[in-house]
């Protein structure tokens, strides 16, 4: 309840609040994409030969692929030769500890409310901060190291833990999976790697904070989480970008590998710049996220609050291979003004008695289009499996659209699937009721929307829940009345 | 406190209020009675500022201010409270959360310090006792899945929380069994004092056995056609509304 | 949504037909579309689970002429006790000798569509090919290009047609394969009422392919009851495009039952082009052996203040496949629309498959829309309860399934038709035991 109060009091700023950029000196690749650029990126990162070969293979694959056209979104053709694929804040050498990090960078993250200095840390959260394409700092490494947990930038993992990367990179999202995954595999510049050893329960939230800063730059980060038998980790991901007139491309890949009895919780608050009211600028957010519940009884939960980006194309999925494994997807997607979102999930049931649960809450306002697209596929040998899906849409105003595309495919007779979807608007009677109790209209809308999204927001860790509620309210400001 | 002069209002093309006159002083309880469709609930809605109703004439002065100029939320902040005939459900928003937002917005408007969680909870516990409402109910989504009695009790709880100067109870007795009616009425009575006033809108006399009015007004075809003391309510109960209609027809 | 030209040369298929004389322009256009797009292949979103193109390519020999049918009596195809106008198509040709019209001529006009092109040219020209869309469905293009014969129905204003119309599609595949492309055009004028029952029957062991395109206009304050009974032969392939358009304050009740056939594909669209309309849109597929039953439905709300309720249920046994795709569109300005859809399925056999995709697309905010979809089994508690009262398991299952299906029949008001469908369901339920 104090969450809401805080939210309402912070309902003051009117525009995208992370819209500043810091003049950081950067080291960038020239515009465009070819094998030389891939080599350039690999070289800048001092990568071993096998990593370069992997990238080149992905690049060659990508060159032969075509961009998917099936999502319910429209945008002008992307010129892939007009994007800078590598940009890194200039630092004389890789910092050995936090004291060596450029103070400008530290300031950048402090402006975002992320403290990289461990003394002033958020309680119980270890952060890997990625700016433009490069991880700049990771906190709490030593403390986590004592438990055998590896939490570091992807580049470091390639150098320090090549056996793990070789084994798991592309094991959940193969480079050939789709157009954007292939692109990412060729040019990914950094990201986070996380390894939880057998039987270890990670004592703090792990978090990656992504920030696009430089202009004309695409961001292609990659996250890999490996949870060994019986381990547990909760992972948070946040992202912001400056306001720019042109569109910027973000094509990330997240892979989660969960062994027997492992439990991974992955939460995202996506707040990339959505563009202005007329739809100028904003991030194209084309992301592939997938978890493999490889072991029996493993469990992966995705929670996402999507408020940003001009276009979102994203389907965090679970492949439920282990018997009794389970997958969850909780999502709130808000679109306002000219935003377009096509998001949802795939639950692929392969193992016996596997379970999945989908709760999707879409909110459309302004002239935006909001689509839920999901698939529940119960394969023949997935006997006794269960799925429950609830997909609700809330419309605000008569110029937006809400769309639901659920695919349900069942190939045996011992499984149960239930899917429900509703569409509603915020009732005038609800707003009047709030007003009669002294609550103004804007706050009433925030209250009602947060109530509507509560089942999803409840899944978020506390720190994120507050931020998420704030974002919902900010995104919808001025969309009623 | 409240002075209504020649108030006229309509919804769409339909004229519903045809010149209402009413004066309410602090400490008074006024009952507005009348047959179905006479405009009782419309009067309550117009005073609270519901937008579907268009005021076509007359004035409403509340504590020296033009009430009709205020937005619905500012009327509430000025101390006007409407207990809804059909309380609205808001999924996912608990009553506690709802009330905390309301109390603090009202306090802000009045230039008072907002309440922190601890003092809010204290206030809430005190008011809960007054209306015999259980905290588990207040933790649930606002009015969602509440019984008729629970919804009405929740309205009175909110009234206790917001400490209004003018309370309008719109058919608060409808859909209540006798026990629930007694609890609701006793809540209202406990909240009465010499500084606040209450308007009770009702079709039946039975609520007035428990909330005893100082004045009873009969509304018919959008006008107050008869006023009197509490005995008028008894007369209406015994004779029905037809004699009023006849009287109006003759006049 | 890409449609791929299929491997077997399309020209062979196209070449096996000669377009008729009527509607030459639309036939030409349809052939062009067909040549450009081909028949839908596996990657086509709308035919993802229904490999009908591959099947008919492999099965049919594409001879130009159907062999003559030997149908002397239609008694076995009739609905016992139903006093109706009977129209019979045999191997795609309108049979005047087997048809029997009993309603007076001033109540309803029933004639061959080819004939209507000259006798009722004005009406036909203003409705023909206006609702069917060859651009979006290549089977509609195939049908539009090569339809051999059709039925024209006209109900004048202020007329309640007392006797229902029973339309029999009989394909005689005893001697050789049959390929039939037929059409229907019906106009129910303002304040009139019509009931149509369609039945599909194939005789013999050879394969049959039937494409059928229906266009039905229901004018202001008119009412249509439409019932489709698909209890066809085991080697029958069907693609039926049914398009109903409603004007202000009209009412439509439909019921579609699919029981057998090889591949049965129904593209069923109700376009609500008027205000204050009411549509009740029911379907039931009870499939066994290798039947694939595919219902692609669309309810398109284009105007405000209308109500639609769609309920499709499925019972899947054997190796059968049930496909359901239900689209609800609520166009901008179609405010105060109430649109509901439910699709419930029971899988009886471990080798049956269900692919369902309920789809809502909403562009108006003041609407109430919902869809629900379930795939599951009979309630074990209820089964146990029945058994504990001494009812054996197979009977208990039949009772439960019967109860599950019964609800879909509530859009049939004619008791004789309802009893007939009821008997078909009972027969299907006992067949298994």
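Going in written order, the chains are labelled A, B and C, and every chain counts its residues from 1.
In this text, a residue touches a chain if its C-beta (ideal position, glycine included) is under 8 Å from a C-beta of that chain, and two chains touch if they have at least 3 such contacts.
Source: prediction; values computed, not measured.
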Centroid-based (C-alpha) most distant chain relative to chain A: B
Centre-most chain [mean C-alpha coordinates]: A
Length of the line joining the C-alpha centres of chain B and chain C, rounded to whole Å: 57
Inter-centroid spacing, chain C versus chain A (mean Cα positions, whole Å): 44
Interchain centroid distance [CA atoms averaged], chain A/chain B, Å: 48
Contacting residues of chain C [partner chain A, same complex]: 1, 45, 49, 316, 332-333, 335, 345, 347-350, 352-377
In the complex with chain C, residue positions of chain A that touch it: 70, 380, 393, 395-425
Touching residues on chain A, where the partner in the complex is chain B: 1-2, 4-5, 8, 427-430, 432-441, 443, 447-448, 450-455
Chain B to chain A touching residues, read off their complex: 48-51, 71-73, 75-77, 81-82, 84, 87-94, 96-106, 109, 114, 117, 141-142, 158, 162
